[in-house]
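Presented sequentially are two complexes of chain A, the first with chain B as partner and the second with chain C.
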Partner chain A sequence: MLGLSLALFGAALAAALAGIGSAIGIGVAGGAAAGVMTEDPNKFGSCLILQALPGTQGIYGLLIAFFVLNKLGLLGGAGAVDLTWNQGLQILASCLPIAVVGWYSAIWQGKTSAASIQMISKKPEAMGKAIILPAMVETYAVLALLTSILMLMGVQVG
Partner chain B sequence: MGVARLKKAELYYHKSVHEQIAASLQESGACQIISSDVENQTKHSDIEKLISCTEEKLADIRYLVRTLTPHYVDPVPALDRMLGERPDVTMSELEELAAKTDLKAVCEKTRAIEHEIGEVRSKLSEAKVNDSILNSLGFLEYPLSVFSEGTRTLTALAGTIKAEKISGLKAALGDFSIYSEDTELIIAPYDEKKDKSQDIYAVVIYSRKIESEIRELCAKNGLSLVEIPASLTGTVTEEKEKISGLIKDFEAKESELAAKIVDVANENIPTVQKLSDYYNSLNKRYNGTAMSEETDCTMLTKFWIPESKVEELKIKIENISPEIDLTFSDPEPDEEPPSLLVNSNLVRPFNILTELYSSPTYRGIDPTPLLAPFFWIFFGMCLGDAGYALVVFGAIMYVFKKYKKISLGVKDFIRLFLLCSVSTFIYGVISGSFFGNFIDSFIPFLIPLKNSLMLVDPMTNPMQVLGISLLLGVIHLMFGLLIAAYEKMKSKLFIDAIGNDISWFLLIVGLCLLGVGMGGMLPPHFVQIGQFMAILGAIIIFIYAGKGKPGIFNKIISGFLALYGSTSYLGDILSYSRLLALGFGSAVIGMVINLLGGLAADIPYVGWLVAIVVIVGGHIFSIAINILGSFVHPLRLQYVEFFGKFYSGGGEPFTPLTLSQEFVNVKA
Partner chain C sequence: MSYIYAVSRLRGMENHILDSAFFSRLIDSAGIDEALKALGETSYSQWLTGSANFDKAIDSEILATCEELEKFVPDKELLTIFRLPYDFHNVKVLLKGLFKVRGGDTEGRRYDLLSKLGTIDTEELTNAIETEEYGFLPYGLTDVIPQCWQLWDSTKNAQAVELLLDHQMFKAMLNVAESLKMPDVIQWVKFKIDAENLRSAVRLARMKYDSSKALPFFHDGGTIRADDMARLLNEPQETWSRILSYTDIGSVLGALNEQSDMKAALSDVSKALDDYLMKVLERAKYSMDSPANVLLYLLTKEAEARNMRVALVCVAGGLDREFGRRLLK
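So, the complex of A and B:
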């Protein structure tokens, strides 16, 4: 059963660390958004979009966690597949890219989002640029997600 | 197509008709007034007067909008308003409305109510403070006038003291030599066992003769004074009754005034909003005129106008007065006119993507038609779900059917998503995604149909889609390089075009052919062509980088450095892997939602209901979050990877003189 535990540990890390990162990132951006909106409540729409940007890492983490659970047969009534500890470790390793990169990139993306929110408070017409700057950070979360997915697909179980 | 050709117009007219002229320029919405030299600005005394007059009105309007809008209950929902459901009015109707509306009176009324509210609120808060003081002085039996007036010989002070210091104060007062029947310390009842640091009310009554000594003693022993308002004179019970009556009165008054201001808001805000647009329009118009040059009786206004609007405006202007001279000329080579993007209906919605980055210069290239097809495909691949596409398409068609007055800018933005929903649908069908794996989970009889339409399968063969994504990336980047080369050739910079752009094109295309050919997917002579192209490209890059560097050694170093730049192309190409990742993301999130819905369906009795809620709500969430991602990431690919090769923008967008339409649809 060590294999299953290791694999679950991986899924937990993916969902938890990436989720923590997103929560911090959205929190930082939300603080800036609230500040801007006290001056100009009409900016709610654009602020919300910028605030939501660091939220994707949490979703990527969740996605990988579900991917693992599905692979393990824990969703639906089929029952868990048998794993050697080696296979479990492989799944754990596959979860690490999105867990770690998701965690860190979401925090930094949140900081960039907060800065972008400050920017549109002064220059609302620069919304396009304001969205792109945080999206630059997210690139690495996307790449980590891709790595995790490809690694998971490569792991043979059952 | 691309950046519209503009004409520079010079319009001479008699001063007496300046209002009509400015009005028709504004109503045409196609003229950007050119500011004349600064030293002429002071001459327009009568126009300055008109401007200051409208500004005065606007100050009142801004005050009313700011004060009354929070109290105004808009009968039209905000979304409807954004989609154009607003009153239609003409300028002449607004003029009549402005003539019969007494803005000053409304302002005065509002100010009076605001003032009254402020007064009542401050009285109310004072009463509440007094009430709380009275609550803590409940233990005192003497009338409160003892604090403010006292008797002939006695007076008193009140304060709070920490429970632990009470004994100290008592002792100090006891030791004080003149301590006699004249001085009395009354402590509020408190629980000694509780927290030692709690604040306890204490009252000291003392002889006037020893006032300063007593005050000093109290301060030394930790009694912090509480000011008892002079308005409290009776006993605590009497005063409490009075104050609770007062509080009730003030609260009633406050809510009455609040209702009154809501009435004023509901009565006046629709008018104020209309007038806001009216005076803002006038203000813009006069400021436009103020940019003209003038002599004693004639004025000269210069403006940019798109070539296509010239005839229309000519007829309009010439109808105003015969004493007019209107000439059009092409912009001089040293002039930098603003840029207006003109594209066909199919490409126009993508204008906003270019404008969000930066408008092109007047003589520059309009990248919109070039990026449009790529953005369309990329968006489709990122959202990549036939079901989501149908929802988006349906929602937009519903909006277009229900709202007929959507402003052009908003309409184009919505149309962008309408177009992209088509590519999303196509990619959804060929990748077999319909609300995630909805077909596999819930409608199994459609599986054969779905499978027969599938061309790619990211779920079981992601490497295939990764390959397609990267290939699209190479095409996109190479297209960007070719545009850059074309641009340079147009300005006769042939060597730069070859050294900077064509060389990289050869190297990267050659390497791709080489790689793919060696993988056995192309006939062998492609490998040779690829090899040749790559080597040629590399040689050109190497030589071009050394151009202008002194000495053979420097040339070689800079050549190698330039070749090292190929890593940035590698990064650019790999960046397109996000197309796979995001498409994959939407598919898997959809799958997870269906899975949860399926699990929920097993709950006894209410399972089907929970399943519907989970599936519908989940997919709506998924659509929202994935549209955001599918918009942002393809946009980044355009801005960073694609524009990086050939486009920098930097033009000034064409901003014609128009009517202000912040609150209502103003027609000419």
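So, the complex of A and C:
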């Protein structure tokens, strides 16, 4: 049972920490978007795209949580597989990259998005560049997602 | 408190700041009517009710900006730092008026010179000063106004009274900035005190003022101590930039030396110091949530209003356009 608990704790961390990071990041970018749109409501479309960017980490965390639940047999009603504490710990470790990197990267991506929103408020023609800047932060969230997936695939259960 | 919303909104508002091309067009207007027509496309138009009162319209625009910012800037004290000099200007106007009245000039009061941009309501301030009930006045005015009266009674020197009020104004500005605990803002206020002291030093040097009696002309609180400023007067002006090279503001004098040496007109020094103070704040432009952006916006708006006044006075008075253009910032 300890193994299953550790594995579920990992899934919970992946979904929760990455989700918290995304919520903060979107909040930060949303504050900037609201400020810009108060003066120019026509920028809603551009602001929305930039505000949504830090939301992906939350999705990555959820994806890893699903992977873990699937691996544990908790989806589809087949019943949970037996796990040793060592296997549970391996699954928990696999969840940490996206949990930690997702959390931090979403917050910083939110800040970069906010700066980009301020940029398009003055230079709407620079929308392309404004998207690239926060997207650079995304790279590290994607790398963490890949790491978590590869680690999870390497854990032998059942 | 987060400034992301406030700074983002200011970024949007900055798009409406009038640029040099507009002022150039304004100053080239054939007459005041054409100039006011050009103003019709701007936010100033809502305050214009005729060609005679553009001065009031400009003040109204700045006041409306302050009131708008008060709605969304988390720390109202930032606006106080901007508005505080207008309070002290009003106190000076009222006191000088009363000095004249006491001297027998019954028409001495100049209520028309009062600015509504101060934080203290002009009517309340007028009542407080005329009835000598200073108890509710903020920024140390409760204590400094009686001192002004004492000084006036003993010296009859209006300039000394102004200086006393200026000392208190900078002290109050620094107190407000320090209460905010915002390093950029505190630094800017200190640099502003340095700039004012340097302006005084240049002025005193031109008058060949005795450096041993110059200390009262300098304000405390800047990055350069007041007595160091007074000692500058013992040195040739050409060496000031080297003496002050350990400070940021020393570079302003350095630039002046390169361009037009220290014999440059006081207005050149003044302009360079104003530009320097703006540059200090402009560093905040690279931050998405620096509170100093609020001050930067207000000062930019104030500079815009000043340019507007210069351009309109130039057009209305039929003054030389090139002269007016040189006065634009």
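FYI, the second predicted complex is superposed on the first by the 158 of 158 C-alpha atoms of A that agree within 3 Å, B and C clash if a C-alpha of one lies under 4 Å from a C-alpha of the other, contacts with A are read in each partner's own complex, and residues count from 1 in each chain.
Keep this in mind: contacts are C-beta pairs under 8 Å (C-beta built on N, C-alpha and C of every residue); 3 or more make two chains touch, one makes a residue touch a chain.
A quick note: this is a predicted structure, and the numbers were derived from the prediction, not measured.
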{"item": "Room on chain A for both chain B and chain C (clash or fit)", "value": "fit"}
{"item": "Which superposed partner A:143 touches (first chain B, second chain C, both, neither)", "value": "first"}
{"item": "Contacts of A:56 with chain B and chain C, given as first, second, both or neither", "value": "first"}
{"item": "Chain A-centred angle between chain C and chain B, computed on Cα centres after superposition, in steps of 10 °", "value": "50"}
{"item": "Which superposed partner A:80 touches (first chain B, second chain C, both, neither)", "value": "neither"}
{"item": "Chain C versus chain B, contacts on chain A by residue", "value": "B"}
{"item": "Which superposed partner A:121 touches (first chain B, second chain C, both, neither)", "value": "second"}
{"item": "A:100 touches, of chain B and chain C: first, second, both or neither?", "value": "neither"}
{"item": "First, second, both or neither for A:111, with chain B first and chain C second", "value": "second"}
{"item": "Which superposed partner A:131 touches (first chain B, second chain C, both, neither)", "value": "first"}
{"item": "Contacts of A:16 with chain B and chain C, given as first, second, both or neither", "value": "neither"}
{"item": "Distance in angstrom between the closest Cα atoms of chain C and chain B, superposition on A", "value": "6"}
{"item": "For the chain C and chain A complex, residues of the former touching the latter", "value": "2, 4-16, 288-289"}
{"item": "Contact footprint of chain C on chain A as seen in their complex", "value": "28, 31-36, 38-40, 111, 114-115, 117-118, 121-122"}
{"item": "Footprint of chain A on chain B - complex, ascending", "value": "353, 355-357, 462-463, 466, 574-575, 577-578, 580-582, 584-585, 588-589, 591-592, 595, 598-599, 625, 628-629, 632-633, 635-636, 639-640"}
{"item": "Parts of chain A lying in touch with chain B, wherever the complex brings them together", "value": "49, 52-53, 55-56, 59-60, 62-63, 66-67, 70, 75-76, 127-129, 131-132, 135-136, 138-139, 142-143, 145-146, 149-150, 153"}
